[in-house]
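One structure below.
Chain nomenclature is as follows: A, B, C, D and E, assigned in order of appearance, with residue numbering initiated at 1 for each chain independently.
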């Protein structure tokens, strides 16, 4: 695997040299992923909290559906979004196909169920502890949800990071709706797939290592923020 | 999208008619995925529980690494396993490349961090409650872990199902190490990818719907088993 | 050769997506397997990846369409020898609205010039595949460097033929594709073949046995049997017999 | 035991009014089962407006369950609960507050716990700040306001959850063993607080195991045994001159080996 | 307060031996801080083998913290704890058991909770079954063995966690307000159980707010106030004839407004 180390060195060289092409790709990766995770959390956290908190008919069915949707195949999501946005699709006038926005849409669809399903579990566990007290205090539905989302925030960070992991690693959906178009929609994962299909396996691996390091950096930042928040809460 | 309904009808027709090719593909999908999830749980549950329970130097680093590894790109995992198993790789004598076993290995690598990272969070939350009592009783390390894994089993089901979702939907890694060889390593997701590249988008979508229904069925079974276990525990 | 167990009676062919997506293998391989009892397992990936995989020894036979790379593969000693099997041709497909007005042309270079002048959208595979390399040769002949317009009217999809065609039909862009993939492609939309018949659009497929002296586990006997059959009259006429919608996709030209 | 069929159709206005305030909460033939066992076996009870009712009885008698049912946290399996003559609803619960036997505090600071409780009642700004200050001072927790509520000592937690409930100014306050973990001074203070609140018109329902406390606070005593009311009446009478065997046994610190005790051996060594 | 430098080097054998059993647990100038505040401010204490020590004091005095430190669940910030002359270790903790103020029960049945505790001590099969049966009978929980422990009533949970600790047959038993939620009969039973265990040689350290209980059970009383020992001595003396103002205040149900109370207003309305 010595050629791998060469490739890794080369790839790092590009990063260190701030190679504009690679920087553009990394930047777009982060932009698409973080936007998608943000939206997925905006939808998935309240959704999961609602299912984890309230009793309504069909609640366990919804929980099972959310769990099942964690198994949404990326390619299928990609196709669905493609068919919606394509020139002959219903949303063609938006002209979003092969834009980063389309990739964000696909990732939101993919990541939201993960965030929602895991949030449901976390909130359900907390609700077992809080629900009688809340009922006694007459806390309204919205207040219950927000209070529990807030109090479970440290556990939910892991949920959001799971969503981030799925989004940042994802290639099947974004390549279909983004098209992996150079300088437009090319991100880390689609680049890796491309280099793989070109047979540049070592380069592909090296790019993968860089992607992982970026994911590691993001996770470290989040956990450091969390730690300092915990410290502040106890100070 | 009327052609989609035709395709879906057609695909269902194949399922209902127990079309042997489709059955073979579905069967292999399930076999690979469930085996992978089983191994991922066997590794990830104790690993996550250990990180969530014990204090050791570098513990938070390990937690961050596990979180970051949730963002392991499937293509990279596929490449890594490919390079290991390839005829010129170190594990060539096992002759596993382009077999279902290779696909299982890739998925285990992909899913284990997800199971471990989410397990860590669940167990850490439970440990906050139990740890003093356990310390007081002098419960040994192994007993602590197994006791908490057992007591958190219902929450951990959701974790395992998240792993299942990731595995069943995964295509990037299995297509590289499995090769999508007809009758040998062709599974639902690689079939969907193939049909997509053939331009049979409607058929691909229909297969995706079937895959989702299978995921839904698996989730329903798991949740039904859980519900009856809960009922038995209170009877 | 080596001892072959019953369950081991198969070979692995590293090939490209065009042969797989066109359905050729689904037609061809059962005929061969019926006759010889040898199962053929096809791994269909990008040309570059196929060659790389074969170089690693992860296949017994290489069946691609990029003559220079194939010749280099043999020259490097990785393959035993190369033989022509069949050809088809490249065509330019595009929307019926034809914004660059190239429909009916037989001059592909002139057509590319028109497309560039009109800045009409063009989707390129951009993946170093045989098709991509052929496309780049044609641009060069037209005296245009499309990479300057990359991300503008010229989109490099960095994907396989099918994915690029999906992108092309999705964004209404011209695409250079091999005819076989196009004919069997299911998502044509309002696209049709606009430019064809130029002799420079010739697309040759070759087959190579991976060198068993480099990779000793290569199933040379069975691989050679497959190659021999492909090149035989029987194999050649089987290739010619494969039709989609009444159209012949590949034209045998062995020997 | 009363006739269930009769009780189901009985409306509280047709029932005899005990002297004192008018009925605030009426419990009719309340039954409740869980885990396949009947835990409350037909409880009848009237809480009059402005009264102080003490619920007493051995561990596991069903006191906390009864409070939960009266507060509307659990749905009865049989029987009815009326709040000011109408069936219980969410509105009724908002007029009540409850201090649980095991305090449930949010994973926030002491201050944030009080803030949350008051903002749920629609209070904010100055009005809230004032009430919070009073509550903290009342609980003797002013200097601990920024501490996470979960690290408070047992007694501090109990005091916090009590003033949290009081700060909401309910019409009816349920207290489930509110002084179990308190030191003598705090116990006296809380008892005075309860009497003060009652004097302001707040109806009190209090569970306790402390006979002294019962005598100091009680008007009405309801003695539960095995999910049934064994005896009820004015506190002085029930506690000093019990008419039923369970209360006599309780007063003497004996185990009551009544008809519902499964085996004598079960309780023998206790 | 003692000189810290001296205490750090003191070994228990050089310390004067109180009459009665030899020292089992020695606490020297123990200090502990959390959340930026010093919560224990130099506690010295000797628990003699076979003795019954009562820890008393107002809410928030640091009683539960002191128990946690003595049991090795928290690490002191300063000072030392010796177990039979040697520094505390895991081995020492295995010879001790503790009943927490707020019982922590596994999310399992009553039976499974006992099973788990005993199997941790290496018991299984018949020996375990026998001890479980005794424990259940002792706690009066035999008929609830299959119930999830989390749904037990407050008193039942307290009894369960007590017999769970006793079943492990520790040398030293820490009890943090073990009868706070118990009815009079159970309180008597638990007190007898504690005396019995003590008679069998088990050393007892018990936290209580109940002066009556203290008189019934106590040999030695240690009175904590604001993280410091205000007074210690034989139970009879300390409780009937206190020498220090904090204990006098406590006995009279008054708030001690000593030097460490931040403001008078803090506690005024309590």
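Rule of thumb we're sticking to: a residue touches a chain if its C-beta (ideal position, glycine included) is under 8 Å from a C-beta of that chain, and two chains touch if they have at least 3 such contacts.
If you want to know which protein each chain is, UniProt gives these names: A, B = ABC transporter permease; D, E = ATP-binding cassette domain-containing protein.
Bear in mind the structure is a predicted one, so any value in this text is a computation, not a measurement.
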Contacts common to chain A (ABC transporter permease) and chain E (chain labels): B, D
Selected interface, A-C versus B-E, where C-beta contact pairs are more numerous: A-C
Longest centre-to-centre distance from chain D, chain (CA-based): C
Centroid distance [mean C-alpha coordinates] between chain D and chain A (ABC transporter permease), Å: 48
Between chain A (ABC transporter permease) and chain C, centroid-to-centroid distance (C-alpha), Å: 36
Whole-Å gap separating chain A (ABC transporter permease) and chain B (ABC transporter permease), where each centre is the average of the chain's CA atoms: 17
Residues within chain A (ABC transporter permease) bordering two or more other chains: 82, 176, 193, 196, 201, 234
Multi-partner residues of chain D (each touching 2 or more other chains): 35, 148
Shared-contact residues (touching 2 or more other chains) in chain C: 53, 160, 163, 166
Residue numbers on chain B (ABC transporter permease) that touch chain C, as the complex places them: 82, 86-89, 92, 97-98, 179-182, 184, 194-203
Residues on chain B (ABC transporter permease) engaged by chain E in the complex (per definition of touch): 129-130, 132-133, 135-140, 143, 147, 151, 233-234
Chain A (ABC transporter permease) to chain B (ABC transporter permease) touching residues, read off their complex: 1, 4, 60, 63-65, 67-76, 79-80, 82-83, 113-114, 117-118, 120-122, 125, 155, 158-159, 161-162, 164-166, 168-169, 171-172, 176, 188-189, 192-193, 196, 201, 204-205, 208-209, 211-212, 215-216, 218-220, 223, 227
Footprint of chain B (ABC transporter permease) on chain E - complex, ascending: 68, 71-73, 90, 93-94, 96-98, 100, 104, 106-109, 116-117, 119-121, 148, 168
Contacting residues of chain E [partner chain D, same complex]: 34-35, 57-60, 63-64, 101-102, 137-140, 142-144, 147-148, 151-156, 159, 176-177, 180-189, 209, 211, 249-251, 253-256, 262-263, 265-270
